[in-house]
Each structure stands twice: as C-alpha cells, then as structure tokens.
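Two complexes come next, and they have one chain in common, subunit A, joined by subunit B in the first and subunit C in the second.
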Partner chain A sequence: MTKLTGVTHRKVQVPSNKERTAFLFMRLSGVFLLFLAVSHVLVQHVVNSVHDLDIQFVIERWSSVTIRGIDLLLLFFALIHGVNGLRNILEDYVHSAKAMKVINVLLVVFLVISLIFASVAIITFNPGT
Partner chain B sequence: MQVNMRIRRFNPEKDEKPYWGEYTLDDVDPNESVLDLLRRLKGEQDGTLTLRSSCAHGVCGSDAMRINGANMLACKTLVSRLGKEGSSEVKIQIEPILGLKVQKDLVVDMEPFFDHYKSVMPYFVNDSPPPADGRERLQSIEDRARFDDTTKCILCAACTTSCPSFWANEKYVGPAAIVQAHRFIFDSRDQAPEERLKVVGDTFGVWRCRTIFNCTNACPREIEVTKAIAEVKDVLATGKI
Partner chain C sequence: MSTLSLTIRESFRYRGHSGQWSWLAHRISGLGILAFLSIHVWETAMANYNPAFYDWIVTVFKNPFFGVGEIFLVGAVLYHAFNGIRITILDFKPEWWQYQAKTAKFAWALFLIIFIPLGIYLFLAIGTYCTELAGEGSSCWAIPPFPG
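== the complex of A and B ==
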C-alpha cells in the first residue's frame, strides 16, 4: 500500500544465479581484502624489509596459528576474487560460448589446484621436518 | 570562425568500408550547434550526408553521435564548447554511436537498443482498481523523489553506446534499459518489480556493469546512470526496495 508521507519500503523476491553470487562474493571479499591485503603489504614490505624475508621469518610468523588463519583467509579471498575478475574480463573479449566454457573449466582447475597446494603448504608447514 | 569537420561516412550500397569525409565551414557562429553545422553541410556541400534529427532542442533524443570521441546530442553541443577559447578555428570529428550497426553515415540501427528497452517492461503495471474518486494513484513526495532522476531519460542511446560492456557484448541489456527498469522498480505504485528484476538480474543484466561511469558522463539529461544501476544492484543483493 502506498503511503502519502515518507518512503515506502517493499520486500521483493529476487532471482538468484551465479552472477549474483559472484557479485556478492566480490563485494564481501573486497571488504576483507581491504584489510587483509593492506596489512599483508604493510607487514611484508613496510614494517619488514623484503631483504629479510627468509625461512626464519616464515618460521616465526607461521608459529602463530592466528597468522596462518589470516594467511589462509587472504589466500582464499584473493585468489577467488582475482580469478573471478579475470573471468569477467575474458567474458568481455571471448564471444564464443564454447570457448568461454573451456576457459571457465581451465580457470576452475587452476583455482582448485592453487588453493589445495597453497592450503596444504600453510596448514602442514612444519620447520622441524 | 572556421570549422574543419571530419565525418565518418559509409554508404553500404556504394562503399566497401567506412571512410573519413573532410569538410570546411566558414563564418560559423560559436553559438551554433553541431546539428546546425551538419544541416548546413548537408544543404550547402553534400546532400548525401545522412543523419537523424527531429526537435533540435535536446528533447527527442534522435541525434546522439560521437563528437570528438565522446557521445553527445548534436543539437545540444555548441561549437564554442568544442574549441579552445578565443580560437578562430575549430576541429570537430563526428562518428556514429558505437556498438550498433551503421545503416548509413551517422544513422545506426536502433532496434537492438529498443529490444533491450522493451525487455524491462518500461510501462506502469498496477492491476488493482483505480481510486474510487477516479483520480490518480497518489504517492508521497519522498516516494516520487526516489525515481525522479530516471524519469528524465529520452532514449537517445548515448549512455548504452558509450558503455564498453555493451561494445563487448550486445546481449548486455545496457544502461538505458536499466534506467527505465529503475524508474518503475522504485515507483511505490508499480506492482511488477519482480518481473523487471528477473530481466535486469539475469546474466546479461546489471552484473555486466563494471562501474566505468561512461554512461553518466554521456547522458545529455545529466541522469546519474551509474548510481541508478548501483541502486538496482542493491535491490538485487538485498531483496529490499
């Protein structure tokens, strides 16, 4: 019912599809990455010199479960955000639906393999072995 | 003032590919519009020059074209705006709007544009009986203000054909159609927002917008097009109008 003063707010059913999910993920991961990526750059490149980044530095940082958790979050958000961005750009240039399907499969394979390898490295890292 | 014009010409019955036609007009008043110059050129130098125009006052939206690399209405663009201040010579380059098939010279096929326009149901939908007094369906000033900006669209296609996402894929519904959808989605009296959201929330709907802002810059009616698209995205994300 329309009101004659103030703003009428309505709830509506909205279609859900992969583009909407991707959009919401990009917004959410973008907010997280603002903190995660900036703090990563500050810690790795400003507070510490890139010349000091050796295995000892990694051992010290990854001795903390919190830092490992933060790095895992950064890995997942940044990689998926980046690959989806790349998919968006490629969709603007590749007009063949078949070619785009192949590209999407390749991107997913690259994404999954990268996530698995990097996650295994972060989670199982043990300087003693 | 002298104006040197470079115009993208193409006659599919004669030319294999488009070419640049070069023309010079003397004694031009800086307050003349680009449309004035094109009409003068057609009358005085080359009657085959083809373009669309109608009201010549920025209302009908017929004469959107790419002037010096940016989409504008020829009738609303004064020569003084295109040259350096105090200069007695102005260079103007004119091309048809991009992303739609050129039919001849500056005339493009607008059908794909209007197909997208029609797809968002650009008309008021309300099946409930009209008020008993037989007068209009009232709404608050605040409710009316929500879609005021998007009522100003004249369907000139300057926004859609300035959008790189539309150049990349003509299936993208485009800024103009989203502006039209916005006008009705945000109208508290309309009863079909969900049907329109299905169209603009599709794969080739608002998600194709990369927030480049070309559309906002191109709009001759100064509609905040990118903002309207963002508001539709917000409805699609939250389910709240």
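== the complex of A and C ==
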C-alpha cells in the first residue's frame, strides 16, 4: 500500500448554499438512519418476521405513540435522504439543466405527496377500528 | 438508451480499486433501498386507508419471490449504512484519508460478518413458512385474490 506522505489537507469554509445544506443533511440524516433504519430492519425483518405481518400486527404496533413517533422520524429522514440521493445520482448523468429542473420538480412533488400521505396515515391511524 | 448502457458499462470498467467498488455498491444499494422504500411507504399507509388491501399486499410480500428480495434489502441497508458512516467520517476527517482503502475493506468485512448469518436465517425462514403452508394444504407461491 502506498502511504501518502506530506499530504496537505485544507478545511475550507464554504459559504452557506443549498448544495452545502444538502451535503450536510445527507451526513447528519445518515448517522440518524444508522440507528433508525438499521434497527427498524433488524426488528421488523429478523426479530419479527414479515411472515407474521397482518393488520393486527399494525394495530398492536401503532397503539404505542412512541413507535408512531419513531416511524414518523424514520419516514421523513429515510425518504428525504433517499430522494436527495437519487437527485445526486441523476445530476451525474443528466447534463441538461432544463431536464434536471423538470426532474427536481417531479422529485419534490413525489416526496411531498408521499410524506403527507404516509404521515397522515400514521397520525390518524385508529387502533380501535 | 446508448448513454444508459455506456454509463452502466463504464461504471464497472473504470479501475478505481476498492473505492470504485464501494462507490458502485453504495449507489446500487441506495437505489434499491429507495425503490423498496417508495413502495413500502405507500403500502404501509394503506393499513389506515384500506385495511383489506393492506392484508392482501402483505400476503403478497410473504411470497418467496419477495422473500429473496427481502434478503437483498437487508444486505443493501447494512452495507449502505456501514459504508455511509465511512464516507461521513472521512468527509469530516480528511487527515484519515490515507487509510481509506483499509476502511473500505473494513466496511465490507463488517457487512459480511453481520449479513451472512442474517441472510441464511432469512432464507431458512422462507422454507419454514412454505413448509407450514404446505402442511395446511396451500402454497406459499399462491397469490391471494385481490380484495373486491
């Protein structure tokens, strides 16, 4: 392995802009998701099993306000992280600024509708029915 | 379309050593997770809006076809998480960059150590589920009729 010697690294103070905020959000949400998403996957897919999943399971799970709160956090962090990640990937391959603008609008529309649809479902879920 | 095949071909061709494979695996796992997450968010919301539809789609997800997909999903989440933390640490600690090849291997090792037993466990669970249904006279491959 070649060891880099005499490497100079500089920390540059970047003035605040949208891309910098998105960059920082990806790192910050990534750290949250390490706990939220990984524990969700381990609990729901390994400890519990998809094979036991039915509406009764959801009723029991969402009767806890804490779990609903965790699921809401997970929903927002994961979906925003994922859609922004998709935007990052597309920006590498779509070279037309016009097309990228259309894609960005579509991504935001998909993101906002999904977040509203799902968070309303979590918040208004009535375990009694 | 030619751009797409070129992109895919060149992603695999470029010889960037371990960092290249981490980058590619991070992208593919991220896209895979987002694809599942998009379906998962809408499907789970149906537990509130249409419980009968929810019970139907969840039964479809118990099909071994999706069971194998679930193993890929668990793998994708684990690798994406471990490699993502590696990226984050190196972004904020550029002085550790000289160890990036080692950290890339470490992320792969951590992923494999955790994923291999989980993958085997999940694979065996598919077999248990199918045996159970076969004992009841039905098949784990059958898709239930769409609710009215």
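Here is the rule we use: the second predicted complex is superposed on the first by the 114 of 129 C-alpha atoms of A that agree within 3 Å, B and C clash if a C-alpha of one lies under 4 Å from a C-alpha of the other, contacts with A are read in each partner's own complex, and residues count from 1 in each chain.
Here, a contact is a pair of C-beta atoms (placed from the backbone, for glycine too) under 8 Å apart; a residue touches a chain by one contact, two chains touch by 3 or more.
Fair warning: this is a prediction, and the values are worked out from it, not measured in the lab.
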item: Which of subunit B and subunit C A:Gly85 touches, first, second, both or neither; value: second
item: Subunit A residues touched - subunit C or subunit B, whichever exceeds; value: C
item: Contacts of A:Lys11 with subunit B and subunit C, given as first, second, both or neither; value: both
item: Touching partner for A:Ala22 - first (subunit B), second (subunit C), both, neither; value: first
item: Touching partner for A:Val46 - first (subunit B), second (subunit C), both, neither; value: second
item: Touching partner for A:Phe117 - first (subunit B), second (subunit C), both, neither; value: second
item: Which superposed partner A:Leu33 touches (first subunit B, second subunit C, both, neither); value: second
item: Residues of subunit A that lie at the interface with subunit B and also at the interface with subunit C; value: 3-4, 7, 9, 11, 27, 93
item: Sites on subunit A touched by subunit B in the complex; value: 2-15, 17-20, 22-24, 27, 88, 91-93, 95
item: Residues of subunit B that touch subunit A when the two form their complex; value: 137-140, 142-143, 146, 164-165, 168-169, 188-189, 193-194, 197-198, 201-203, 205, 207, 210, 233, 235-237, 239-241
item: Interface residues, subunit C side, partner subunit A - complex; value: 3, 7, 27, 30-31, 33-34, 37-38, 41-42, 44-49, 51, 54-55, 58, 61-62, 66-67, 70, 73-74, 77-78, 81, 84-85, 87-88, 91-92, 94-95, 97-98, 101-102, 118, 121-122, 125, 129
item: Touch list for subunit A against partner subunit C, complex; value: 1, 3-4, 7, 9, 11, 27, 30-31, 33-34, 37-38, 41, 45-46, 49-51, 53-55, 58, 62, 75, 78-79, 82-83, 85-86, 89, 93, 110, 114, 117-118, 120-122, 124-126
